[in-house]
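The letters A, B, C and D name the chains in turn, as written, and every chain counts its residues from 1.
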Amino acid sequence: MSDVTLHVRNAACAAAVLCFGLAGADALAAGEQAEQFTPEYLQLHTTYDAKHSPKIVAPDSVKRGDWFTVTVSVGAGSQHPSLGEHSIRYIALYKDSVEIARAYLHPVYSAPTVTFTVALDEGGSLRALAEPNHSSAWETSKKIEVRP
Amino acid sequence: MSDVTLHVRNAACAAAVLCFGLAGADALAAGEQAEQFTPEYLQLHTTYDAKHSPKIVAPDSVKRGDWFTVTVSVGAGSQHPSLGEHSIRYIALYKDSVEIARAYLHPVYSAPTVTFTVALDEGGSLRALAEPNHSSAWETSKKIEVRP
Amino acid sequence: MSDVTLHVRNAACAAAVLCFGLAGADALAAGEQAEQFTPEYLQLHTTYDAKHSPKIVAPDSVKRGDWFTVTVSVGAGSQHPSLGEHSIRYIALYKDSVEIARAYLHPVYSAPTVTFTVALDEGGSLRALAEPNHSSAWETSKKIEVRP
Amino acid sequence: MSDVTLHVRNAACAAAVLCFGLAGADALAAGEQAEQFTPEYLQLHTTYDAKHSPKIVAPDSVKRGDWFTVTVSVGAGSQHPSLGEHSIRYIALYKDSVEIARAYLHPVYSAPTVTFTVALDEGGSLRALAEPNHSSAWETSKKIEVRP
């Protein structure tokens, strides 16, 4: 049984009360969701994995403000598959702590290979993140020099 | 065997040549990928489905330019599950042909319920799209009046 | 003055009450926001515009399930600029009603040119949408044949 | 003048050659783009800023696997504006190094306040990132306990 009383006197308040169904078979019952947490989801993966680590193709050195392409693919030798139940959700590109581009890839239709066109202000590390649906993201980095 | 010759004379050209591995077991071989296309992916779903149609909670009428909340959830009665191999990839909100907000949801950690804070210029149809990983998106719409 | 009473008896209810500040200079006051709605935001743009219409480079015909690249750029002759206050927010690729890839581009760092790697099930129209920050999205389409 | 020769013998190679126009007034000429890099874009901002730091509303303690809501807004006291040339591009939510939800917000139509519904496996820091178009992202974190 649900009993919700919501009283808002201030006209600038917006309220969202979300009540989930509570039937025994509710797909989102807490006990069931807790079982979904496998160790693969616990933290960003920075170790090398032949199937999941992104591969970055980019110049070693660029001129400040010049456009260049960065191609990120996922999987060494062959690409990570793009299946309904198992695919790469997105590929994101960072320069050190700053995100600079991100592509969301739809299962079945998109392969995990994308080319961005970027420019940099300072040198540092290009970081590519690729996140499959069955784990948290995998990261690879590559040093890049930026000439004045 | 691979033989690539790339000759670029114009310094403003950027080239990306992507060669996929061609071993017999290549996960992305064409024959295998073609088998991934099931009818569920062929077009946007606008019919009602108890498990996949988005549910829109929003006012019937708002004042032009006033902020209000729109809550979109997926699934009638109980929510669509958020499992590693089966989840809602994103929920997007449109006003007729114009996209106005989109949330990407990570499997296991995010339930397919999100509340956006939006304002409108003209009345029409709020449209919510929810896309699972095993089909193309499902759409629901709701009329909304915008008062001057 | 704000007076909020929230009473929830059902443990499965989650409530979010959002109260915005109400100072006279509040950046989100309704009157001010209404002034932000210019005609450019009212609907998806499908007419041709030299500066904003996406340009699609893709094959005219592909084999079902074969991977191929689609490059989408924005602007004819030269690219749309990527400035802090004026840039392309994202480029999205659809096959008729189905979204198949989307790249969010960060101002200053990303140029509005992206290459996706995709495969198709059936022929139809590739549609590219590019959305700047000062209007709703611009769309271009290109017919593509899919051979069995 | 541009002279591109591309010879690919391996049928599994896909090539994208992107040539930008080179007229003197090209909006993307290197010299002009370099001027767009202001110090605000150089790194993730973790200091407090009344206008840009995200505000996280979430429980201090939750049960493992139980769904709860997290509301993230931007700006203390009043919200960050949502104007065509100045707005929040996205709000992302992390649990330590793992991204768990992200909402892209469209200028003019969306205010930078979003509510996600999430569940956690382990305690740690909820981190909210909000990225305006005129700088890199701003981050705020909040400790959260997860009970078994």
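FYI, a contact is a pair of C-beta atoms (placed from the backbone, for glycine too) under 8 Å apart; a residue touches a chain by one contact, two chains touch by 3 or more.
All of these numbers come straight from a predicted model, not from anything done at the bench.
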Compute the rotation angle for the C-alpha superposition of chain B onto chain D, expressed as a multiple of 5 degrees.
180
Centroid comparison with chain B (C-alpha atoms), farthest chain:
D
Among A-D, B-D or A-C, find the interface that matches B-C: by residue number, over half of the contact pairs should be common to both.
A-D
So, in whole Å, the Cα centroid of chain C is separated from that of chain D by 15
What's the distance between the Cα centroids of chain A and chain D, rounded to whole Å?
11
Two or more other chains in contact with one residue: find those residues in chain A.
14-16, 18, 20-21, 28, 33, 36-37, 41, 67, 69, 71, 82, 98-99, 104, 106, 108-109, 111, 113, 115, 117, 119, 131
Within the complex, which stretch of chain D touches chain A?
16, 18, 20, 28, 30-37, 41-44, 63-67, 69, 96-99, 115, 117, 119, 121-122, 131, 136-137
Please give the residue numbers of chain A that touch chain C in the complex, ascending.
1-10, 12-22, 67, 71, 82, 95, 98-106, 108-120
Chain B residues within the chain A interface of the complex:
14-16, 18, 20-21, 23, 25-28, 33, 36-38, 41, 57, 67-69, 71, 73, 75, 77-87, 89-90, 104, 106-109, 111, 113, 115, 117, 131, 133-134
